[in-house]
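Going by the order they are written in, the chains are A, B, C and D; count residues from 1 in each one.
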Amino acid sequence: MERKGEMSDEEVLSALMRGDLKMHEIERAVGGDVPRAVELRRAFVERKTGKHLRNIGNFSFDAEMAMRRNIENMIGAAQIPMGVAGPLLCKGDASGEFFIPLATTEGALVASVNRGCAAINRSGGAYAFVIADGMTRAPVFRANSVQDAINAVNFIRDNEDKMREIAESTSKHLKLKEIQPFFVGRNVFLRFVCETGDAMGMNMVTIATDEVSSFIEEHTSLRSIAISGNVCVDKKPSAVNLILGRGKTVIADVFLRDDVVEDVLKTTKDAMFEVVMRKCFVGSAFSSSLGFNAHFANIIAAIFIATGQDVAHTVEGSLGFTTAEVEEGGIHFAVTLPSLQVGTVGGGTSLGTQREALDIMGVSGSGSPEGSNARKFAAIVACAVLAGEISLIAAISARHLTQAHMRLNR
Amino acid sequence: MERKGEMSDEEVLSALMRGDLKMHEIERAVGGDVPRAVELRRAFVERKTGKHLRNIGNFSFDAEMAMRRNIENMIGAAQIPMGVAGPLLCKGDASGEFFIPLATTEGALVASVNRGCAAINRSGGAYAFVIADGMTRAPVFRANSVQDAINAVNFIRDNEDKMREIAESTSKHLKLKEIQPFFVGRNVFLRFVCETGDAMGMNMVTIATDEVSSFIEEHTSLRSIAISGNVCVDKKPSAVNLILGRGKTVIADVFLRDDVVEDVLKTTKDAMFEVVMRKCFVGSAFSSSLGFNAHFANIIAAIFIATGQDVAHTVEGSLGFTTAEVEEGGIHFAVTLPSLQVGTVGGGTSLGTQREALDIMGVSGSGSPEGSNARKFAAIVACAVLAGEISLIAAISARHLTQAHMRLNR
Amino acid sequence: MERKGEMSDEEVLSALMRGDLKMHEIERAVGGDVPRAVELRRAFVERKTGKHLRNIGNFSFDAEMAMRRNIENMIGAAQIPMGVAGPLLCKGDASGEFFIPLATTEGALVASVNRGCAAINRSGGAYAFVIADGMTRAPVFRANSVQDAINAVNFIRDNEDKMREIAESTSKHLKLKEIQPFFVGRNVFLRFVCETGDAMGMNMVTIATDEVSSFIEEHTSLRSIAISGNVCVDKKPSAVNLILGRGKTVIADVFLRDDVVEDVLKTTKDAMFEVVMRKCFVGSAFSSSLGFNAHFANIIAAIFIATGQDVAHTVEGSLGFTTAEVEEGGIHFAVTLPSLQVGTVGGGTSLGTQREALDIMGVSGSGSPEGSNARKFAAIVACAVLAGEISLIAAISARHLTQAHMRLNR
Amino acid sequence: MERKGEMSDEEVLSALMRGDLKMHEIERAVGGDVPRAVELRRAFVERKTGKHLRNIGNFSFDAEMAMRRNIENMIGAAQIPMGVAGPLLCKGDASGEFFIPLATTEGALVASVNRGCAAINRSGGAYAFVIADGMTRAPVFRANSVQDAINAVNFIRDNEDKMREIAESTSKHLKLKEIQPFFVGRNVFLRFVCETGDAMGMNMVTIATDEVSSFIEEHTSLRSIAISGNVCVDKKPSAVNLILGRGKTVIADVFLRDDVVEDVLKTTKDAMFEVVMRKCFVGSAFSSSLGFNAHFANIIAAIFIATGQDVAHTVEGSLGFTTAEVEEGGIHFAVTLPSLQVGTVGGGTSLGTQREALDIMGVSGSGSPEGSNARKFAAIVACAVLAGEISLIAAISARHLTQAHMRLNR
């Protein structure tokens, strides 16, 4: 089949221009020489569009590995500026001082998180706890009638041990925690909740779910319609994830003393509270938003890009709550992230820059015990989000937002 | 090149380690030599963490420009693998064949979009239309009473021309389209809706809003509490953006013929329809989701990373609807994206790889007339999202999802 | 009295028992003698079920009129205990002291509203304003393609005057304020917003919408699928009504002085505020609720039953916000009801007890100018809801809730 | 204190007019003669408003009992026209033919449900199943920190048996099924889920929750802020009730044969399906509604008024899904009601007309075993809702809605 080295670069390009060769066939046409294929594909796009793609060709990760795991029709890489905020003093499920790598093109973001870190550090650090941990996948099945649906779910409840056995046979990293059944008419949604070690785990859970689904189809009248029935819910904002959680559910809090609010944040606790109340609660309530916070998504997107997470999970990362409560001597701040999907193995985590970014926080690869690295990472992310919230809310409360942006020239 | 700084590299690092110098002060300490500052900061992080950050140091964009506009405390860049899907035949507000640059670490995504492009092309192309265009910012004000709030809003309504004049005086690219007033008790939210040329425009609108807010505070009893009151809504999922739109509201559709469904997508239109119905509608409805689609966010995140958009806007990009309707001879597919925030100037769009990715689609920089490039880009994005939806729904309907992921090694 | 019917009572009952006569045919069988038909139908149900329905037969309204307008297959009436709260001092769009008729079976409700009235009166009265007024109906249309949909909506925008003329020709009480077009793929929803005088107006708007829809179908490629496309939205909770309003949008507020909070409400303003914050905002946010309040629905259901409103509109009545803000000298309380559907003519408003209940507030029948009665009524309802919220939140804050219920024996 | 019989009617009225006697003091002033007190109070309102309240005085239930359980400041009763639909053939958790009592002032409603019953009966009856049963109450507690909150919840998990014992000691009818803990920052919501026999049970659960809360406050650092923290969620629309259920979760379905659709419903299954798709799913999705149905609330409000339920629970009754699926030979219709709160004892169920209405369905009073009557009633309600949905959707699909309303004169 392979015709190693038989085509010259120009032959490949000509064949592509003529349409005799498809973009995804280049690797084969050049005998599996991935770097060469990447260059030829980029050259082809340059020829078709008449544009030079010099920068896209500049990258340092292993193209072959990326083509196996992360990308198809590769032409190179996007470079996203990376900065660091911190150090950030964390307690609870992550303990120590951490630098936070943030890859972003939004000016002022790193500076803002950095200021939040200073406020937290001066207050003795932030506590973060992973209060729930379970990646989900929820296939949708069709029954013949509601009665059939109920019978099938009863069968599933009666055979949970068998289901667990099947699910856990698909991966030594996976533990099936629960199957949550939901009904809409004769549609049955089974929300599989699994621990997945240090991996974000969506594919792992999908494979397990698929296997269990086959068993269910064999033993009941249910017919699987879609391996994901949007009750998981993956990459769509939803109340089900807000309420029941998905991936890691993490909460972080800190008590900011009056002097920290004044000296570091240049505002008052009453002003900060008023912003949280009117913006994060009254405003979000009116908007029928699922995000009762200031800008979770900014911090999460930046960390996710830097560390090889699935960036589309920023969607779930935007869900959640920032709460503030004025007390004698200071203000209590907390962030609640119900649905944080992170991993330290798999996905994009082993690419060059991504692994280094995880290294900066000391969380790359598998933890010991398994799962501990991902949970530690989740706790750090929550503390970074807390830093970002504190800083932005302080800035808004001092009417600094626009000015800051202007000064930083955007 | 520059060497104004009096401190040697080691002196800088020592000062950093001792805490006598802060990370954001390095630029100043080395006389404004940005590349050197970036290297020193990275070296500092390496020293603190004991990790090598070789790959992060590898980038080809202009560090000085990035530090002015996009990042603080820069240590380098994240590299995200970039592939291309297409060409994709577009009609309507974007016309022609386009390659779609996608930066992602999620294997199978580019291949999936690519297959959707093939299905669309074989069906004669997809139509996309930008049906609304307006970036928003909604400050929250406090009135003394409901009556005061009403009086103030009446004043604002009576002085819309003046407000427009003030708003538009802040930028020649900005047009104030509307101020939407909303009340919650004595809280007043004013949602400013503006056209912002080819820029995504959030900062532009923020500046204009801030200026108008000052005028309002001078002439009414309203007191501005937060320049963003979460009725904008930026980077949080919300019904207000789903219903009223934010940024570009775009719809794309295509009629897939029976033979295309069979030959390219290897499934049937009835099976595809059933997945859309049970997953995208029944499932999302049960989840109280604002995303009635399969995976908008995947395609949007990948294009946004590639092209220098604000990636946290993936949150709003996940909102919207995929609809499918079986007809004689084929199936009608459409995607509705109510809240797509894109720009071809500003933000991260002028960085090296990002500009090239926009170049691939012929949409980098300002359009003529102004705004036309951003709208064309939005239309292309919608067609790419359509391609992604078609392909994934087809795959699910053929129970191919897990297998595809397994074959591609995840 | 009438005896036109050729069938005796026993003949009618026997025919019913045999199934030769249907329940809705009784009126005809007894020559249109409605009271007799009602009695026979009740007798039939008694015979079928073996139960005595003595109380259901006890009513004093005009059965014939009710059968024409309000009910079919009538067997009598339900009696709901009615109490009054108040007087309640109102200002703004309703001015004066009003007794509030409440028909309910939930013990403690009237007493609770009554206490809230006392607190409001002692604070100088509550202000209420109807800030928007428009009943809606939104048919859904199907277009052939997105492009067709856009063309059709452009036609509609270009012909709004004609639409208005058609709509307003269907009733002298109706004014078409706006047609709000929304797209989902090739589905077009046209949300007609109308003023409807003193009537709640849903049927009036439906008739007007139907007429305009016919015109649209004649002149565009749109095909009407459903006269209500659930974007109206009638009797389902929805963000669109929360944000854009439906029926009357009303806000009421009051400043409760410290002494009133202490003497009348037996609590503190800080305690009340804390309940509003944690229950009405944090709790409702977590629940993904559209009701950020304590118990709007209780007061609205009770007034609606008493006054002949469409009780299913309690659903929209439950939407909205209770806000509280602690100040020097007292606490500011407000309720925001975005979607209050009320009328003083039509529906059940002319039945015996219902008209009397409206009379108690001085708002039965048409106002002068038209619409003023319904708006005044809406303002009173909002003040009553405010009273109910204040009282319940005060009770909760004093941990009185359970005890109050126990003392009142439920 | 009591001055039995010492005041004449005129003395009472004069004292009321002067403000020397409050409305709620009349009972005491007339020696506890409730009927006389009711008349005097009504006379007072008549004098104050100058209106005759002849009809409101006409009622046949036991005023004394009502004043003890259901109402304060009573002046009489509202009369709501009551009709019956049916008989309706039910299977599953309610078995047999049932007449459905509907108290409403919305013309066409009874007729519409009646037609739906005919369609269901001709199809062999509808199946309904109560798939979950649990009334909820969720107090909100404040902890000192997130860590404290977690510790407290761990204590609660470890002591569930003790909690159960305390909860169940408050009523022999109550069974504590589960305590669902939720966190927002340092707020803890504990959602108590209880079976409550044949009572709707809200007060029963509140009392039990209050007792357990005291225990929790004694043994942890949690401080109860509100006995209801809006995560219950009572009488506010919410995703948490849609997803997790509250009260009864009921599903009903029926397979309508082609001939029934044609003969009884005068439409086609394809037309019905299209209405369900575009209205109940696409339309409701766009509206960000929690009600994916046509008019659940209408049927529920009418049954609730007739049978003495808490009518404000119509809010939760409006949540849920109507699904329709075209098949060979007919169309499958189902309604899913996640949150139906009903009881056959307590509340307004023992009032005269209300008990009779329950009697019509054979479900008044306690069931044997306990709870069976309430569940049977819930199943009947679901079948009636199904009938209402089928009929309205059929009518819409045949463009009959407006015409039907016009013909029936509203």
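Following the convention adopted for this analysis, contacts are C-beta pairs under 8 Å (C-beta built on N, C-alpha and C of every residue); 3 or more make two chains touch, one makes a residue touch a chain.
Remember, predicted model here, so these are calculated numbers, not experimental data.
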* Structure fact -> Ordered by label, the neighbours common to chain B and chain D are A, C
* To do: Tell me which of C-D and A-D has more C-beta pairs in contact.
  => C-D
* List the centre-to-centre spacing of chain A and chain C in whole Å, with centres computed as mean CA coordinates. => 44
* Using mean CA coordinates as chain centres, what's the chain C-chain D distance in Å? -> 16
* For chain A and chain D, what's the span in angstrom between their mean Cα positions? -> 41
* Would you please write down the residue numbers of chain D that are in contact with two or more other chains? => 182, 184-185, 187, 239-240, 242-243, 282, 284-288, 290, 292, 321, 323
* Structure fact -> Residue positions on chain A within touch of chain C in the complex are 239, 242-243, 277, 281-282, 284-288, 290, 292, 321, 323
* Show which residues of chain D lie in contact with chain A when the two form their complex. => 92, 127, 129, 131, 145-147, 150, 182-187, 239-240, 242-244, 251-253, 255, 288, 321, 323, 325, 332, 334-336
